[in-house]
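Given below, in the form of structure tokens, are the structures.
Two complexes come next, and they have one chain in common, chain A, joined by chain B in the first and chain C in the second.
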Partner chain A sequence: MTTPILTASDVTVQFGGLRACDGVGFEVTRGELFAIIGPNGAGKTSVLNAITGIYRPLQGASIVYCDRQGRKHELIGMKPHRIVRLGIARTFQNLGLFPHLSVLDNLMLGRYIHQKRGVLSTGLFLPAAVREELEQRESVERVIELLEMAEFRWEQVGSLPYGIQKRIELGRVLTMEPDLLLLDEPMAGMSVEEKRDILRFIFEIQRRLGVTVILIEHDMAVVMSVAERILALNFGRPLTIGTPEDVARHPEVVEAYLGANGG
Partner chain B sequence: MRSRLVTDYRQDLAIFKTRPQKVIVAVVAGLAVAFPFVFSSDFTPPLGFPWRAWLTAANLALIASIGAAAFNLLLGYTHQVSVAHAAFLMLGTMTAGYLGSIHHVSFWVILPISLLVGAVVGALVGLPALRFRGLYLLVATFGVHFFFLQVYKTFQTSFFGFNAIRFPAPEVPVWLAQLGVFTPDAEGRVLIQGDFRWYWVLLPIAVLSIAYMSNVIRLREGRAFRAIAQHDVSASLTGIDVTATKLRAFAISSAFVTMSGVLGSYYLRARGEDSFPFEVVLFYAIMVIVGGFSSTQGAVLGALFFYFFPTFFDWFRSRAPVVRDIKFLQAYANEINLAGFGILIIIVLVFRPGGLVGVWRSLKGYWGRWPFST
Partner chain C sequence: MPLDKFLQLLLSGISLGAIYALVALGFVLVFKATSVLNFAHGSFLMLAAYLTSTLLGSLGLPFAVGLLVVALSLAVLGVVLHYTVMQWMVGKAFFSVVLVTVGMEIVIRAVILVFWGPLERGRVQGLPQGTFSVGGAVIPYVNLIILAAAGILVLAFLVFFNRSRMGLHMRAVADNLEAATAMGIDRNVVYAGAWAIGLLLAGVGGVLYAHFSPSVNLGLGVIGLRAFPAAILGGIDSVPGAIVGGMIVALVENIGAGYLGAQWRDVIAFGIMFLVLLWRPSGLFGTKELIRV
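Coming up: the complex of A and B.
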């Protein structure tokens, strides 16, 4: 058994009197597609926010990330941009794009961490800076091709339809070339057809590029069919963790989703 | 828009991409070269219309365009509202006064030093100030202005007395002076004096500074600036160190404002504490808004407009038939000039939020689609 890429234990996020998540712990194996499910307000996004350093969990929590070289990093207390540089990328439930920038600029921002040239060499337009820019542009173009977005390249992101914007956001995290990808409801508000496209892309990312994916999703049919393991949350508390079949049979999960008499 | 064939990503990196753009650039460059020759001639237009004054206005506009572009980098692209503009102009004047007037360091050495000083002081000031956002940042930089004003007063009175800091006319670098184009004065020096010579000093400096800033803006760091302006949480999750990047924007902006302060000091030859009223930042805001927010071309156009409009307006007010007989206009010339800008800003914000650049773009779009344009 390889060491897990992410080990979270006892993650508790509290806002005033409200515990958004309470003692959540799980392990994600390298290369796996791990899903987090739960009704609205169950604390799924809070878990992602704790991993990416936006929320700071209460004392006692620990989130250990193991990078490609096998080095271990404690993520709690680390600034978001440092965490991202370790190889963790995420998307947002309600879009984290920059609406006034073009699709290309948004995707190029995904390459920010892979670029090194600072304000001196880019400002002076030195050959090294231009070369770097062109190299990054080429890798961005590969993502544009993969996600079939060539026709929108120069459009302002804010002017494009929602489904396309979701795809661009997925494209941006792809250009970041992460090891661990956190997807926060990438299919919310989409038509069946768009969902199928996104699913295809997620599979491609996970299988072909070997990226570990943590997926938050509401659509049970989707989660049950794609996830290898599932963590179910309710009111911030972990209900169960296991394969889709186990989770689907778990009485508390059934109750959380269907109500007390549903089972 | 007319399409063009791109066969290399390098083509997308060019500032001027299409043939019409290149033609326009060539025309503008030609005009910029011809301008000082035309407006330094002894021609006297009828009705007392200004002639040589245009060259003075152009020089002031060139100096201001650097400051306006720097202001725009911070406000227009990074959305950091700093009102400490005049503070960094003071810093430039103090740097020039200390090194140039006291220690007789060459003007050409002071320029790069002032960039460095501006960047370092900008970063030091930004370190605490950039922890604030929006209006709080405005108030913090408001404090910075008055802190610098106090420092400036102390500096001036302890080194130069109560009147003003005076600056010597800079010399043309030796290698250029020996080309034989210039006739040296009685002491064998070639001084940069008069609007014609200054124009040739200021034009390349302004062009280079603005080219530098627009390169920064459209490449890696600039994308980070623009990202932070729109969505800072999301920016930090693309790996951008938000605080450091804001600080970088602040340092670059301060560096160029400081340098424009040096240029202004040498060009105007004397600076006193009343040369740096708080309103200076409003003048730059006028340039950036009228020219076109978040556009480097806009900042340049705005600076030109800011100095050309009063030159024209002064003539119109004092010489144009009928208007020159209105006593009220003559008595409140300055106030009316400023009020004019105030009204103009309202007009721009309501009808043309894109400023002069926006007007230009819509004209371009209109002709591009003709005869189907509406």
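Coming up: the complex of A and C.
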């Protein structure tokens, strides 16, 4: 049994009198595809924002991340940009791109967590920094080829169609080469065909590149078909954790979903 | 001959425009990267001009050394300013942040008064003083050097902003702060960098203006605030707009004041600003609907 890549316990996020999530705890095994499901407003994104350091959970919570070298880091209280640099990438429910920057710049920004040269040496264009920049550029070019986007690498991202923008955002995840990837409803508002594309992409990145994925999704059917384990939330409280089969049979999950959809 | 006069005003206006472009560029950079509308920008130019009059005028340092010292001092001041004051204003209401910069302006003015006193100081003469004539217009060498120095710095800035990693990070933070954080960018480093570069540009503007203006005095802050009409004409979030806007404001102002009288200088510059705000609030190159949160 390997040490889990992420161990969260007793995560409670409160806004005024409202508990967005309440006493949530789970473990994510390295390499797995873990899903967090729940109806709208169940607190899924709050859990994600607690992991990425955007929200600060109440006292007593703990979120421990184990990096590739086996070092453990308590994420609570850490600055968001530091958490990213540990190898934790995320996508946004709405696009998290830079609309006025070129496709190339958008992808290059994904390489930053692997860039070690400081501001000064890159600012002065020192040889080592230039070499690093060129290496990064090469790996970005590989992704551009993979995404078949060579012809619009200089285009402003904001001028491209939505479907292509989503592809660029996922492509940027490839350039980031994260250890842990948090996907916040990546298929929201997409056609069945586009959903299938995204799912294929998620499989690729998880199976082929060995990236651990936490997928947030409210579409039960999608999650059931891909996730290895699922955490179900409702009104901020954890209902159950288990395999898709277990979770689908869990009476409270059935009620939360059927109640929300059918009632 | 009237054409000689026009040429004279045009050519000296170009040098002035180069200074305005620098100053507006610094102002726009700070606004773009940190969303702060910096009302103290003019007083940084003034501070730099006073430093210049001491370092180059009284102490007699060579021009290049003085320029470097003032530019770096202002850049360091920018970093210090961010980490001591502006950092705590991040995310506060736009209006509160503006008021902090207004307060900053008052403090700098007071500091100048304390250290340099209320009397105006003469024009700094750290550059070769001769003149040459072009088609009937008499041009001081100083103007030529100012134009060259400002031009080089503007180009250097453009390379930095469009090609360097820090420049990329500034553009990223300006475009989508949330996404920039998700890329692992520390916004405080970017903000401090923007303040440093912004004040450096105002600082160099101050050094050059101290060689251009007949005197160094407490009215120089208004020259720094030319960044407002220049930036608004160019489009307040546009880097090329700041350069073009600075040049146009200086030319119109210089030529207009040459014919109407020097007392019209400020009226013309800020008159341009009013007209732009009335007819084309986004300026020549600005984002059409600018919403800042």
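Descriptive notes on the structure:
Convention: the second predicted complex is superposed on the first by the 243 of 263 C-alpha atoms of A that agree within 3 Å, B and C clash if a C-alpha of one lies under 4 Å from a C-alpha of the other, contacts with A are read in each partner's own complex, and residues count from 1 in each chain.
Just so it is clear, contacts are C-beta pairs under 8 Å (C-beta built on N, C-alpha and C of every residue); 3 or more make two chains touch, one makes a residue touch a chain.
What you see is a predicted model; the values in this text were computed from it and never measured.
Taken together through their common chain A, the two structures put chain B and chain C in a clash. Taking chain B and chain C in turn and counting the residues of chain A each one touches, the greater count comes from B.
In the superposition on chain A, A:Ala221 makes contact with neither chain B nor chain C. Using the contact criterion defined above for the overlaid structures, shared-chain residue A:His100 touches chain B and also reaches chain C.
When the two complexes are overlaid on their common chain A, residue A:Val192 makes contact with neither chain B nor chain C.
Looking at the shared chain after the overlay, A:Arg137 reaches chain B, while chain C stays out of its contact range. Stretch 290-298 is the one of chain B that runs into chain C, the other listed stretches 2-10, 182-190 or 290-298 having no clashing C-alpha atoms. Residues 52, 79-81, 84-85, 89-90, 92, 96-101, 105, 108-110, 112-113, 115, 119, 122-123, 125, 133, 176 of chain A are contacted both by chain B in one complex and by chain C in the other. Interface residues of chain A facing chain C in the complex, by the touch rule stated above, are 52, 79-82, 84-85, 89-90, 92, 96-101, 105, 108-110, 112-113, 115, 119, 122-123, 125, 133, 176. Those residues of chain C whose C-beta lies close enough to touch chain A in the complex are 160, 164-166, 168-169, 171-172, 175-176, 178-187, 189, 193. For chain A in complex with chain B, the residues that touch the partner chain are 52, 54, 79-81, 84-85, 89-90, 92, 96-101, 105, 108-110, 112-113, 115, 117-119, 122-125, 129-130, 132-134, 137-138, 141, 172, 176. Residues 9-10, 12-13, 211-213, 215-216, 219-224, 226-227, 230-231, 233-242, 248, 252 of chain B touch chain A in their complex.
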